[in-house]
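Consider the two complexes below, in which chain A is the common component and chain B and chain C are the respective partners.
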Partner chain A sequence: MLLHVEDLNIEFHDHIVPETVVYDFDLDMDEGEIVGLVGESGSGKSMSALAIAGLLSRHDAKKRGSIIFMGEDILNCPRETLRGLQGDEISMIFQEPMTSLNPVKKIGWQVEEAMRIHTDKTPEERKKRALEVLRSVELNDPERVYNSYPHQLSGGMRQRVMIAAAMVNTPKLLIADEPTTALDVTVQAEVVKLLKRINREENTAILFISHDLSLIRQLCKRVLVMKGGYVVESGDVEKIFVNPEKDYTKRLIDSIPKVILDRD
Partner chain B sequence: MTGIIKKIISSILTIAVVACLVFMAFSLIPGDPAVAKLGTQATPEKLAALRETMGLNKSVPARFVEWIAGVVRGDFGTSYSYSMPVTKLIADKLPVTVILTLYSFILMIAVSVPLAIVAARYENSALDKTIQILSQITMSVPPFFGGIIITLIFGLGLKLFAPGGYVSYSVNAGRFLGYMFWPALAIALPKVAMAFSLLYGGLTTEKRKDYARTAYSRGNSTKDVFYKHLLKNACIPVITFFGMALADMIAGSIVIEQVFSIPGLGRILLTSIQNRDYPVVEAIIVCIAVLVIVSNLLVDILYRVIDPRIITED
Partner chain C sequence: MGKNRRYDFNLILGSILTAITTVPALIGMIWTPYDTHTMNNSLKLAKASLMHPFGCDNFGRDLLSRVMEGSATTLLIGLGTVFIGVVIGTFIGALTGYYGGLVDDIFMRFNDVMFSFPSLLLALVFVAVMGSGKIQLLFALGIAFIPSYVRIVRAEYVRARNMDYVKSAKLAGASDMRVMFVHILPNTFKILLNSVLIGFNNAVLAEAGLSFLGIGVQPPDASLGRMLSDAQTYLFNRPGLAIVPGVTLIIMVLGISLLGKREK
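Let's look at the complex of A and B:
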């Protein structure tokens, strides 16, 4: 088992009355598995993902339960241990490719960062690997992208760069928090295809978060449906699509726009 | 690149305009250098003879052309009161003022950057609050007063330096820098407070941005996130202030030289104004203008180096 999350509760204490955003979240993931996490905004899916990635370190956020990743207790291990995993075994990509890259640093520097932190590679080896990973995320002319700044690239290209930077150390788990929401529909499909290929070739497990069930259906076998901080339904994507147990899931499925083609 | 060349050309033009204005101003203000030198009891013949040797009997445009021709060659004429070439007179004083200014500038950066990072990192903690209060206090202390307080506490009280014990850089560079630390500190302190506030504001804004989260997700320590990612972004709006501070420090050093008895440009400027020693005053003002304009130019170049989004072909 790669990841085991049990009874995860997340509470925020930034107001007078504490506010719970995630209740009793459970999740098991095996190596190389793709799991979808679907729900509306505010359903707690991003918070759960941030907690798993060890990025929910705001001191007003209280986390209970356990997150065990590769035998390490993410919630209670020393920060050193956590940092050793971040960018090496767990990577994360975010919703906004326009703002997720540092605007004043070259792409090459940012893609190489996780290697500088976690490996002893020489600058030449790092550059070679960076170009290789930029090529593998289907960016034309990786040499030019390597020497560019983020503002010189389109949104789709930046998200590919984010994926490249996340995959540079071939992590065991990639958390993708709505990676396609800010992109055009055609680019969305390409990014989903790319994630699928990465999963197949590198055997990286992917936790794919989206509010779009149709994307989840293209990519994942298993899905968790969240609403109001609770996981309301989980299981095989196709089963849930065909036979949703909960009314909420049914409404989510109905909200997918359908192209009606029958003309008789 | 063309943007920088344009800037350099406009800087040279600005210096030329400043030189013209300085000359005009001193030919308009009342006061006679010959009288200032010989005293009010001098005979009209003697005064006329002195004006003749000073070249004051020529018309203003003629003197201006002569002066500008000299300035272009690096010759600012002869001092009325010291009877020696102005360039020679200020040659060993200019470095003192330049070093004092740069010293203050480096101190400002060296103190404000780590302070802002610590305070922004532990935002809203007791440490942050303490630094904020100290910063508010130092911000409101003008350099000349700060200089007096520093002399009183560190010079007379703790005996860390001898007030008035200036050592020339040509005699002993180490002791020179040791003494200059204190006036530099007096100039830097209020600027440290302002730079701190601006950097703190920048850092606390930047640390909430998405790219900071990305940096954490790659395994960066908090310190590395601040120094390698946030600092450069937080600096961009502060660079303008750095430029203004540098220009301000040049002016500030002239005042502080008096407090610490440093024989820089400041002292000679004041005595020359009293003596109506126009060639010296004009030369010093042109020097200061050049320093200010060059520092602005550097800031502009720095902007382009730090922020790749500034289009250089403007």
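Let's look at the complex of A and C:
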């Protein structure tokens, strides 16, 4: 078992009345598994992901339950332990490729950051690995990208760079928080294909968050459907597609646009 | 770098004016045409001549040499003040902006108190406590200038704190210090540069003001403010004594302001 989440509750205390955004979230993931997490905006999917990545700062969110990742308790372990895992065993990519790269640093520097922190590779070894990983995310001219600034790249390229930076230490778990939402459809398909390949080649487990059920269906075997902070349905993707138990899931499936062919 | 780059008038004129004042000042730090402290009764209030292009002051000291030394002193105090303000201001601003919460509240309320005094008055108080002199003036102005930099830097860090690239950096396992000073800090340079230039001008003017009042640089040392103060008595029979340091001061401040106003 790679990841075991049990009874995760997340509460925010930054208003007068505490606000719970995630209720009793359970999730188990094995190594090399791809799990989908689907739901509308505000359903708590991103919050759960941030908590798993250890990114919810400790003072403004209260968390109950347990998140065990590779035997470490993410919610209660010392920060040092958490930092040791982040970037090495857990990585995350975000929705907006425009803001998730530092605008004033070169791509190469940013891709190498996790190596600089977690390994004692020499600069030459780091560069070699960075170019290798940039090539593996199917960027055409890794040398050029390595020496570019984020604003010189397109959205799709930046998202690939993000994936490269996340994969540089070959983590066990990659959390993808709506990685395709800001991209156009053709690029979406390529990124999904890329994630699939990474999963197959590196045996990295992927927690794929999206509000797009059709993408989830392409990528994942297992899916969790969230609404209003609750997991309303979970299980095999195909089963849920064919026979959704909950009304909400049904409506979610119906909302996938279908191509109408009878134009006559 | 476009070929049709427009000439930036502010930048060019600013550079020229700054060079006109800083180059003689820099030379004045190591060499002046005449000794600046030796008095000569026969040259008392001498008119401009080939030997003494700006004439001599009431003690028969060469005015050109005095202005060179004086602008060097003023320049150094301006730079030192900005340096103290920026370094300490950036550090405090980064901590409060990045962490937020109670630390932020305490520092910012203290900052507000400091802010509620005009910085010149604040410097006056420091000088009154620490005594007058070059070094004291430098520290007094430096401390008085810290709050404004804290404000500017803090605002940048508050904005950056929730950016995805900061989340990515944390997720790479970077420590708080690394996130603050390696990842975020370069992003503040653009805004910091302008406030450094404005701050430098304010510091130069504050030095001149305090020295004029007789609590800054002490005789026989020269500074532009000190020289203006000394020239008061001879304003009607030898206006050049006031005009030369005064115009130097104006050119110095104007040049830097133009640099700060350069087109984006």
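The working rule: the second predicted complex is superposed on the first by the 260 of 264 C-alpha atoms of A that agree within 3 Å, B and C clash if a C-alpha of one lies under 4 Å from a C-alpha of the other, contacts with A are read in each partner's own complex, and residues count from 1 in each chain.
The criterion applied here is as follows: contacts are C-beta pairs under 8 Å (C-beta built on N, C-alpha and C of every residue); 3 or more make two chains touch, one makes a residue touch a chain.
Here the structure is a predicted model, which is why all the values come from computation and not from measurement.
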>> Quick check on the chain A-based superposition: chain B and chain C, clash or fit?
In response: clash
> Between chain B (first) and chain C (second), which does A:Val104 come into contact with in this model arrangement: first, second, both, or neither?
Replying inline: both
> In the superposed arrangement, does A:Glu113 touch chain B (first), chain C (second), both or neither?
Replying inline: both
>> Is A:Glu96 touching anything from chain B or chain C once the two structures are fitted on A? First, second, both or neither.
In response: both
>> Just checking: does A:Gly84 make contact with chain B only, chain C only, both, or neither of them? Give me first, second, both or neither.
In response: both
> Looking at the overlay, does A:His151 come into contact with chain B only (first), chain C only (second), both, or neither?
Replying inline: first
> Now for A:Met162: first (chain B), second (chain C), both, or neither, which partner does it touch?
Replying inline: both
> Now for A:Ala51: first (chain B), second (chain C), both, or neither, which partner does it touch?
Replying inline: neither
>> Quick check on the superposed pair: does A:Leu27 touch chain B, chain C, both, or neither? Answer first, second, both or neither.
In response: neither
> Which of 43-51, 115-123 or 169-177 in chain B clashes with chain C after superposition?
Replying inline: 115-123
>> Shared contact residues on chain A, chain B side and chain C side combined as an intersection?
In response: 53, 55, 83-88, 91-92, 94, 96, 99-105, 113-114, 117-118, 162, 165-166
> For chain A, which residues are in contact with chain B within the complex?
Replying inline: 53, 55, 57, 83-88, 91-92, 94, 96, 99-105, 113-114, 117-118, 149, 151, 162, 165-166
>> Under the stated contact criterion, what part of chain B meets chain A in this complex?
In response: 209-211, 213-221, 229, 232-233, 236, 306-309
>> So in the complex, the part of chain A that touches chain C is made up of which residues?
In response: 53, 55, 59, 83-88, 90-92, 94-96, 99-105, 110, 113-114, 117-118, 162, 165-166
> How about chain C: which of its residues touch chain A in the complex?
Replying inline: 101, 163-165, 167-175, 178, 183, 186-187, 189
